[in-house]
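Chain lettering (A, B, C and D) follows the sequence in which the chains are written, and residue indices restart at 1 in each chain.
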Amino acid sequence: MPRQIKKIGVFTSGGDAPGMNAAIRSVVRTCAYHNIECVGIYRGYEGLMEGDFEPMNARSVKGIINKGGTILKSARSQEFRTKEGREKAHQQLIKAEIDALVAVGGDGTFTGALIFNEEFDFPVMGIPGTIDNDIFGTTHTLGFDTAQNTVVDAIDKIRDTASSHNRLFFIEVMGRDVGHIALNVGIAGGAEEILIPEEDLGLDRLVESLKRSRKSGKTSSIVVVAEGDKIGKNIFELKDYVDENMEGYDVRVSVLGHMQRGGSPSCFDRVLASRMGVKAVESLLEGKSNYMVGLLKNKMELTPLDNAIKGKSKINLELLRVSDIMST
Amino acid sequence: MPRQIKKIGVFTSGGDAPGMNAAIRSVVRTCAYHNIECVGIYRGYEGLMEGDFEPMNARSVKGIINKGGTILKSARSQEFRTKEGREKAHQQLIKAEIDALVAVGGDGTFTGALIFNEEFDFPVMGIPGTIDNDIFGTTHTLGFDTAQNTVVDAIDKIRDTASSHNRLFFIEVMGRDVGHIALNVGIAGGAEEILIPEEDLGLDRLVESLKRSRKSGKTSSIVVVAEGDKIGKNIFELKDYVDENMEGYDVRVSVLGHMQRGGSPSCFDRVLASRMGVKAVESLLEGKSNYMVGLLKNKMELTPLDNAIKGKSKINLELLRVSDIMST
Amino acid sequence: MPRQIKKIGVFTSGGDAPGMNAAIRSVVRTCAYHNIECVGIYRGYEGLMEGDFEPMNARSVKGIINKGGTILKSARSQEFRTKEGREKAHQQLIKAEIDALVAVGGDGTFTGALIFNEEFDFPVMGIPGTIDNDIFGTTHTLGFDTAQNTVVDAIDKIRDTASSHNRLFFIEVMGRDVGHIALNVGIAGGAEEILIPEEDLGLDRLVESLKRSRKSGKTSSIVVVAEGDKIGKNIFELKDYVDENMEGYDVRVSVLGHMQRGGSPSCFDRVLASRMGVKAVESLLEGKSNYMVGLLKNKMELTPLDNAIKGKSKINLELLRVSDIMST
Amino acid sequence: MPRQIKKIGVFTSGGDAPGMNAAIRSVVRTCAYHNIECVGIYRGYEGLMEGDFEPMNARSVKGIINKGGTILKSARSQEFRTKEGREKAHQQLIKAEIDALVAVGGDGTFTGALIFNEEFDFPVMGIPGTIDNDIFGTTHTLGFDTAQNTVVDAIDKIRDTASSHNRLFFIEVMGRDVGHIALNVGIAGGAEEILIPEEDLGLDRLVESLKRSRKSGKTSSIVVVAEGDKIGKNIFELKDYVDENMEGYDVRVSVLGHMQRGGSPSCFDRVLASRMGVKAVESLLEGKSNYMVGLLKNKMELTPLDNAIKGKSKINLELLRVSDIMST
């Protein structure tokens, strides 16, 4: 028989993402709706071990749905990777009479939650919050939609100056292991080429393609490069190679950086966060544990945390083809 | 045996929507990719009857992916509703040696295309372009995502002034027959109540709910109202009723209006438009006709135009529930 | 000899404007810098009479520089217009040991401050915060720059749909007594005509001008109308008149409304607010009173409150001429 | 007696800036208003020497007021620095019967124009277009206002993630020789420190200040660094120094890069560009030459090109003080 849940703790962990605040708000309000208590845990697993807790009610989360970042702060914790650290965290939860946890974060966060659950049989539920969209079990992670719009806006701006000067720009976007952001913003930003970790185009084919593009009359070009791209060691070396192997090109590099993580969440991310918060809390109340909440076929679905971590989020091959056709 | 398609015409019709230009660009470039010709038809069915055509190649659609509106213009046509009008249009297509049409628009547009196809056995393919998301056979119409972000941005701004003055705002958003925009932006904008055509809350329950919300400590409130809402004859009458039946409230109305149709399309709408253009052209090349291209379960799928028109786009009931919980 | 000032109260009053929070932050931090105390007064003169005060330090205003609205809330007060009301306010200030006031608002706010100062010889300093820019003694009021960008963004969006449909749009913007917003956004939005309170173009000349514009090949048009325009009784009557007197035009109206007051302040408004807060506090510390801080020739200057209220903020006639030339 | 001007050429040169298109539009329409011809010259001095000209009328500049970049493209030219290059340019102007030039750009552009005028007594007028605001004779160059808003928006986003993680961010903004952008966005973005070329704070004082700030309770910090800052060799070395000399800090770097040059111009820049275009053309028509149009005390004024180049644009010392007070 599932233990009865009277108090839920919520925290954010790992890289922050737009929509995390909307998710916190949703968890808090869903608890209020079901007349159970809710506690905010600061700085992820760090705050969990230190007992850095604060009771939250519907009013505590007023006016945060449109704010970027996370009011509960985030952190990465080395200590929680030790048995001692997790033991400390468990004691804090017992002391605070918290019966279950909602963890908002990426796969690092979920790995911690999974181990914690195994060791202490403590109910946990995950909400995928990361701009990279690299989690299995959901078509969209929180922040992915917003980050794409942020990046596309930046590419639009860079294109203004690129086309005024007939330049070639390499633009680095986030995505260490997966090319979701790069692939989508590349299509949306009208990029001539998109370099993603999943595909190694090869430097020669890249130069070939750029030459072809120039020949066909294009005077400026954008190449979108995911951080984790395998083609060059890094984007500056990529630039150097193209500089050396193509004539008459003025090549520039722009690394978009941390700006991509911030900003007011899009409508999509706010709605998604609201749905995920409801689903996470209500699943805990139904006695479920060890799942990640996700969006699959436009519905809220549960995926075992284990699968969410081990599964691989794959890029949509159709998009690769669309990208090729669009840069005709 | 399907006739061989060598030249495709593309037009936009009905209310414009962000992403229409990205769809035109995609149709044109997919034609170029397959080495077939493409012709832009101005002002929808009006231009079709007048032969207001222009050959388009990959360069013609340069720099339009991020532009709102439609470079091919749009119009509503009375004449095309007559047999004579359609006959004229057919003659223009024969004269220009156009073999198939891609129609970007809403159900009015598709109805015209369907009749035209029936009368002349002329290959047509539809792309759903309307901010209202009221088309069956796709989870998202072009422009829906962008419009939601535009509206949420406006609601955020109005909330600044609402909460500075402890006011109650009625905000009218688009949606004559369906409440998709209202429901999503209502959740994302943190609205206390959402009034949609699909549901008649009743004036008394609305006032009741607002009083409860005030009692619980909220000092400012947002009520999102879809154009087609059935509760009051119009938003100003709604305001008057609440003014009369609640004390101590400073009630205001804001009608967001046509601004909702414009603006640079979101990343999502640009990618969707690019995918739909590819699918529409390639489906015609495969000999298919009389379908609408749509996004179903994150894949491009075809729905017979007939079903797209007659089917009903239903609101997600889960969202209604999320909205209730969030306004706890 | 000026009394020594050890504690300053700050409040916002009248219509809210972007930049008010940045001004509050600046007042609070300038007080901290000079080691004097600062007290936030809620809901303008209402809170002043009720003693709705809160001590503020540098940390209290963290993270508000980029927020629209006002964290101190605003209100209009009838009671403060009475001698009794002002007496109550004075007692509250004595009780809280507040030595001087910084009032952020428009001319209604300043009139209150002026009378209060006359009656109780209480040091007051004004900061002009209103999007209308209708205050004498400063080239820019707080919020004016932000509001212009908000409106121009909306006009750009409306133009997308106007030009897709060959429509004529009347767009109403704020400005009951002055046409500053209308004149600037009209030029920036590429409006064909701009109707402002300072100038009565006359309905016939408007229609004449629109006909000429259509003749010259323009297929869509934007007319920007200030709320306080004298040409028609209201914007809907204006539309009706044009509808009746021009053929072949599809005329629409958009009233931008309260959205214009909100949003994150522009860089200009944030810097201006920061400068004004410093100047207001330091002027009080220098023993000055009864002035409004303003931007004149890019410098912070003081204008007697009396003049700020009675003086008239005039539109720049050069802009009228530029507008005429641009709509050639 | 000034020669009669019947045809004016306009071009953009040097780094592009938002508002350049609005300036081109204004020049073209002011010519149309005065019934003289206007010719667009592509790619700055390069196109001038090649005769890459295009006649422009009011319709040619339709819909560009809100576009970033420059439709006339820009370039830097080595050849125009030679007597032969300028001779070629002069011949092209004679051939095309162009009587005067309007040059939109920065001091490199104006230097070219000045020499060209001296050698051929050819009427020239300059419009200051550069985001850096480093031109003497105008309080604002075209693009400066827009760039500031772009940067502040990026800083707001970075602050979301900085404050979620208690990080210190070094953010590099444009400004090789002057700190105008850095100083303003630093204040507007709530930066703890602002490093500009005009002032060498010294590394030790920077570290001292950051330590003080951390001690006072700030858990995250933003330091805005102008490209041309003299404190460290570059921003990455700066980061390394702080990393080594401060404990417990997670330091990150973000270089905003070319994004700062693009985007739709702000209302201010559009109006300024419109005013400058009118003033430039009408000054030429009055027989004036060799001036730069500028905004001084909110009026359009002329400054001899010579002074504009040799003069120095100075930062506002009041802003330095405001910045110090705000980071209390």
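Note that a contact is a pair of C-beta atoms (placed from the backbone, for glycine too) under 8 Å apart; a residue touches a chain by one contact, two chains touch by 3 or more.
Everything numeric in this text was worked out from a predicted model, so none of it was measured.
With centres defined by CA atoms alone, the chain at the far end from chain C is A.
With each centre defined as the average position of its C-alpha atoms, the distance from chain B to chain C rounds to 36 Å. Separation between the centroids of chain B and chain D, computed from CA atoms only, is 39 Å. For the pair chain C and chain D, the distance between C-alpha centroids works out to 28 Å. In chain C, the positions touching at least two other chains are 156, 163.
Touching pairs of chains, sorted by label, consist of A-B, A-D, B-C, C-D. Chain D contributes residues 25-26, 29-30, 32-33, 58-59, 63, 65-66, 139, 145, 148-149, 151-152, 156, 163, 184-185, 187-190, 216-217, 264, 266-268, 270-271, 274-275, 278, 297-300, 316, 318-319, 321-322, 325-326, 328 to its touches with chain C in the complex. By the touch criterion stated above, chain B contacts chain C in their complex at residues 12, 15-16, 18, 20, 67-70, 73-75, 150, 154, 156-166, 169, 252-263.
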